[in-house]
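Same chain, two partners: chain A is paired with chain B first, then with chain C.
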Partner chain A sequence: MGIVSDLESILPGGVLSAREELIPYSRDASHYDGELPAAVVLPRTSGEVSAVLKYCSGKGIPVVARGGGTSLTGASIPVPGAVVMSLMRMDRVMSVSVEDRVAEVQAGVRIDALNRRLAGLGQMFPPDPGSSIAATVGGIINTNAGGLRCVRYGTTKDWILGVEAVLMDGTVLQFGNRTLKSRIGYDLTSLLVGSEGTLAVVTRAYVKIVSKPQAVARLLAYFSDIESLGRAVADVKAAGMEPLIAEYLDGMTMKAVESTGTYKFAVCAPYVLLLDLDGPEEALSRYVQEASSLLRRSGATEISSTTDRAELDTLYTARKGAYSSLLKLRRSERDVVLIGDIVVPPSTLPAVLRSINSIVESEGIRVALFGHIGDGNIHANIFFDQGDSSERARVEHFHSSIARVALEHGGSVSAEHGIGLEKMELLREEYRYRRSEKALELMKGIKSVFDPKGLLNPGKVLH
Partner chain B sequence: MTSTADNLRAEAGKCINCGFCEAVCPTLPSSGYDSSKGARGRVMLGKELLSMLSLGEDISALSDPFFSCLDCYACAQVCPAGVNAGKVSHLAREILVEKGRGVPDLARLVERSIMRYNSVLPLGRRAGRWAEGLSIPDSGDTLLYTGQMYQLMSYSSALNEFLGRRGDSSRRFIAGLALRLPWLMHGALLLNRRAMAREMDGHLRNIAALLRSAGVNFFYLGGDEPYPGTLLHDMGFSSSMREYAVRVAGIFRSRGVRRVVTVDPHTHDMLCNVYPSIVDGFDIEVVHYTELLGDLEFGNRGEKLAFHEPCHLARRFDDMSAPLALARKAADISLPASCGRGTHCCGGPDELLYPEIGRGVTAARTGQLDETGAGTTLTACPVCLVNLGRNGRVVDISDLLASSLGE
Partner chain C sequence: MGIVSDLESILPGGVLSAREELIPYSRDASHYDGELPAAVVLPRTSGEVSAVLKYCSGKGIPVVARGGGTSLTGASIPVPGAVVMSLMRMDRVMSVSVEDRVAEVQAGVRIDALNRRLAGLGQMFPPDPGSSIAATVGGIINTNAGGLRCVRYGTTKDWILGVEAVLMDGTVLQFGNRTLKSRIGYDLTSLLVGSEGTLAVVTRAYVKIVSKPQAVARLLAYFSDIESLGRAVADVKAAGMEPLIAEYLDGMTMKAVESTGTYKFAVCAPYVLLLDLDGPEEALSRYVQEASSLLRRSGATEISSTTDRAELDTLYTARKGAYSSLLKLRRSERDVVLIGDIVVPPSTLPAVLRSINSIVESEGIRVALFGHIGDGNIHANIFFDQGDSSERARVEHFHSSIARVALEHGGSVSAEHGIGLEKMELLREEYRYRRSEKALELMKGIKSVFDPKGLLNPGKVLH
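Up next is the complex of A and B:
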């Protein structure tokens, strides 16, 4: 029997194999064009995941697990001959316990869907990537995604207590637990977080939840130069303020957001800083006044604020769609955007942003900058023509240059989007820079323990 | 003049694959998460269709992804790059029809019936029975235009159930047979839910009474009233649609119509958003009947109702607040989490060609409406009324308003 008929006997009604059914799984949200997979399987249970993996292991067939397909680095791009395993049918929130501050969730639950469910209980799951409308719990665990609220809450790894995962040989295991504390040997839960589907297929997770903020006010502080904005963020942190989000957008990104018609900035300025403060309703105006004074001293040219729920939501949604909105500014369909993802200590932001600006100017690259600046995460969105090899080379050089700036200031080349296909070379560069290449060998060793045949998402993360 | 392929290239070309649209596309979960039946997959397949066309390949296999799209435009509400995946599907259907590839027999049957009978089914005088005894004039300058939508429901609902009970291959066989034997379309009229027909007639009588109470003078075409051609448009029969729209506009003009009062979202959308672009000089004023009832007083007995906003009112118009505003005068209205421009389709548009997907969408929406705790749903669309009505009690807004008038 062929692969497809074998899989259909394992997973009746859960296999796609026609060409038109496979095409949508050949790409994710990155700029990579993938190959058509051999088949797509859509299991409903971890038992079905196990059966498919066991079969594929026996046949030596690569398997690429997929959630919402929102990877920006090509992490879910299939390799030739692979079976894509979509976890989307595993879309149940199994239980929520406010008392225990934990939710038990299947891998295919989308982040916004989880938060809609939690909102009814006054709770939320803090990791909040820009793609949260489509990204899944399993997906953000495998990416160790971050998002807008990282400045306060950290990344996904800080919110995962345990996972159920299936090894390539079909073994179903639970790592970690549903308790807030759990010291049970090596922390294999954390090892799976950020492993990009290369070690096991995550099918279920125990995630921590937290009460929603009482009330929120947003400041929009406009700046004429990037260094002042960087200094303002450092000053906010130094003053002991703990914003809920601290985002920045450059003029090009602001223009892109406005072009969608969803939001119009009150001031035309080269940069804007979005700062959310939360607390009891009666204290908010005092917080806003204090933050405004501080931002003005740091060089903000104009400041506005709002507590209007509709305006808060509109701008939040617009900010989350900033990357996609930027794509409207492509010169042609052949243009793609390579999205940088460096992170630096916030105290170094003024110097880092100054350096990036001077590289942008000297290399003449078309780039839009925005990011979760509160935690030092900067996204450089670099436009280039896929068919122009010289432009591609210049862009890759630019990408490496800003990565180098991050490393020189104690930062990293990858903050929250993962490695996937796009940042494998930068990953090596970071470990080389730290003279820790041996760490990569350890990772390969770990990979071979979990997946001795190298069949899970091959060709990603590590060479 | 740009071709359909150029328009498709322009729309699909804006997509950057972020996947936001998939998260709100009702047919994706309902199809068991087959991405070719989700918004992002359809945009990718739109690009594939263009590529196949340029290579001279057979595009028939791309039919299901595009014909299963509900045209609800949920996708367009969340796309940060401004892509309307619903429009991509629509343009792709037009190309499939133009090339004569992969067009379902049932769709071709619908086209032929509309072009032959001025309606989806040969209702003839039956369509005007609701108005018997109401003494509605047959001439004037303001036309009450039902578009036969309420009248068709009792037949289409029975037909859909008849076909839905059969497998895909049986449905195709029946459609193919009816294409060869046109008189079978008259046989379809035997499938009629009489109780539903009486209810639908009642809704139309309510609407006429409400308009009269609001002082609106109107006339009605009775058995001469044509269907607006919605399914021709939705299924991608653009050439027939243009011809048919000119025919309908000609009837309006020949009867001296200056203003049309519509009673359902689909007809209202067609006349406001489609006819002006395909009928030269279409300058007839179009209003939805609820827009004319603002001055009426309604009693409010505090009945708890969850309002399901029809996609074709909530998303195709910048401000169609009249139905909700009226409903709030007459009842204790709650809205489901997916509301306003974020409303969720009832599943109706897939009932004929993809009943399994359609019913999954209906079940999902029913679940959302149940979460309001209201117990009963209110809506302002005959298609939503019938589809959601399979899973619980649904009230047409005309019933609520008529029963609350002047209390």
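Up next is the complex of A and C:
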């Protein structure tokens, strides 16, 4: 009880220690079972974050910072004896300036909450992972999260101008700043983006915002074979179109989306491609016509389009919830879903999608596929029975087979979900494949510079 | 002669050592006088880069990598005894894929050359510093260069997906990769962006490309006072417009631009704001009308607009050459131009521009002002006689006064030109101001991880 009472004196009213309070913090959205943390702290200020880290550093206690707990790779799973630091009480949008295209937010601000605030000003923060209802700014900085809009706007790293972060020794620092440009030495802001809580605890961020798209039209193009869909995406990009989103869903994912009861696809086909185009009202119908004829030439069997706002929003939300919807298709309580996250150059999509399909068929895996196809990001959602060791082995083999397909086509094993616990081996494999293993040594060196005692989120990203 | 003959055996036909050959490599585009390097090497492959670095590492010889030599802060000035490594022979565009929105280029490819190649495909690489005719991909990665298009497209860091880089010990590594997303551990690619050759030598890059804007219209809005111009920029941004470029020039810069003989402003006014708007043909005239009435309300005394391609290109090029044009206004051979590079939040522009003007008046400085005003970046071009120590002191005082103004308005001392030799003190001041000096210690730690002997571009960025 020493740690808990010490923490309570540092953070009165901000410590959880009862078993039932700790349970939710032992897990995240991945399939990993974690251990109960020693305690959970809920700081309200960076000063409090600093005090807790300083205390833990002195005692040699590991600390796992946590946002919405939506990691799909186990990045938020605590090691035994760790203190979990939830940033959820630091949920203030401190300022928004449309003139400056900047919002200053605390780490615990949820992405949807930020975007609701911005929408009233005609602005948005583009990174929009599927979990945006719960995911926080601090969380998506730490995972460099992606989402539906990356094909137009890039990933989280492109939208973070600066952060306030606290080192394990308690030092509070500002990296980057509030301006749209700044060149102030090495880019430590970008180094924290994607570092999964292993370098410092992000407490605040200056994020870049942008005016919302003008009018939006959506095309739904249905395909009977996956190779044609892959070809269509490559054709769209080759034609120079810059869609707002470009998503695909396979039949099983379409069913899962429909099972939420909020949306029904007009056509029953094995695959659908969603393409959102935006622009001024004057040009939108021309864009739709041009894209329609291109998609038809690329092999779409049926095409529909809409500009109806309610319909646009409903399917967007349903697509964002595709993973959660798929979870409902599990056959039993023991079933879990492992979600792959490969990314390949879009020009290789026809070949890559064909390869994945033939691996699925030959290995007899239960899998639903969807993805941010416009940037070549494919999520394979693999269902398996945790208790069945032979199924587990088959799944792991499948998972690494498609990772191999990605590498062989110039792609990567990890696009936007991060490394966490799940992809540490694949990460090594990718660097081995590129003969760049020394990069992992450099990362370890950087880890030692920031966190010499190795107490921040130990056992993640790097061995 | 030991070093030279050793290098010649490593790189036959790729070593310069005659005094007159070395002179150009002792300087860059800044006002610093450098020393002659021990030798200049011109590798053609990353294998050759590796061999030279390995040799120099063994001998303890410092190496300064160099692209177009267009640094304005002395980043390419060699220390005594250094080997300068010019990447200019590694100038191949290895591949361009419109489908993948990626170009793979060697470090020595010039920005204009890349963009000429891309233009034929309807694509472009957005970073476009004023020096793009000579600046290279490797160079702008190392400075995280900006330019006219940042207001829409961000800085270089947002466009670099991956690099091949060679460590001082000769290890060739790939960081990041060819895909539009990838999350493969800490973001070492972004860490190299802006590191000014102090961490590794970048030999190749995967850069993101984007479809060229559709139709473009330019507004020229003239102002009689600087505060109104600053207000107009804030108003444009508050209205949610996302211009392609938003530049301003003061009277002296306008004269310098006109002195090139390529362009003449229609109106004689103390200040002009250039605003490029883009979109489909159908909407462009509406955009122009809306922007014109807004600028009129914000105090523009006169407004003209054009969609004439030749006129658009001429002024764009002339504006990019503004700094070079200003150099011609020097009163004597001893005159040099120091170019400041502050950046502030656009909402503070009226106050900041007013402050700068009053400092200029009170200190009696010869200065021309222009900048990428849409992202708050102001370049003060300060003329002074290098031989006149009292003028030099006044200039240095002015330089740090406007840096102070930037800091006090939430801005930064350095937007896009980098630190080099010139801004090392200002960099420290900025971190002191933000009580974040420990960040500099972290940078030094990172430097030691990458380059433990401290041989890569010594004496730059960090003390």
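Quick notes on this structure:
Please note the rule applied: the second predicted complex is superposed on the first by the 462 of 463 C-alpha atoms of A that agree within 3 Å, B and C clash if a C-alpha of one lies under 4 Å from a C-alpha of the other, contacts with A are read in each partner's own complex, and residues count from 1 in each chain.
Methods note: a residue touches a chain if its C-beta (ideal position, glycine included) is under 8 Å from a C-beta of that chain, and two chains touch if they have at least 3 such contacts.
Here the structure is a predicted model, which means the values were calculated and not measured.
With both structures placed on the common chain, the touch criterion links A:Gly185 to chain C but leaves chain B unconnected. By the document's definition of touching, neither partner reaches A:Ile140: not chain B, not chain C. When the two structures are aligned on the shared chain, A:Ser86 is found in touch with chain B, with no touch to chain C. With both structures placed on the common chain, the touch criterion links A:Phe450 to chain C but leaves chain B unconnected. When the shared chain is aligned, chain B comes close enough to touch A:Glu21, but chain C does not.
Set against each other, chain B and chain C differ in how many residues of chain A they touch, and the higher count belongs to C.
Once the two complexes are overlaid on the shared chain, A:Lys328 sits against chain B while remaining clear of chain C.
When the two complexes are overlaid on their common chain A, residue A:Ala291 makes contact with neither chain B nor chain C. When both complexes are overlaid on chain A, the residue A:Leu220 reaches neither chain B nor chain C.
Comparing the two complexes, no residue of chain A contacts chain B in one case and chain C in the other. Within the complex, the chain C residues that touch chain A are 97-102, 122-123, 143-144, 146, 150-151, 154-155, 157-158, 167, 171-175, 177-188, 190-191, 193-195, 199, 208, 210-211, 234, 237-238, 240-242, 279-283, 286-287, 341, 343-347, 375-377, 410-419, 427, 430-431, 434-436, 438-440, 442-443, 445-446, 448-450, 461-462.
Those residues of chain A whose C-beta lies close enough to touch chain B in the complex are 13-14, 16, 18-21, 23-29, 40, 42, 68-70, 86, 88-89, 91, 108, 110, 112-113, 116, 131, 133-134, 259-260, 318, 320-325, 327-328, 333, 337. On the side of chain B, the complex with chain A involves touching residues 13-14, 16-20, 22-24, 29, 32-36, 38, 40-41, 44-45, 48, 61-62, 64-65, 78-82, 337.
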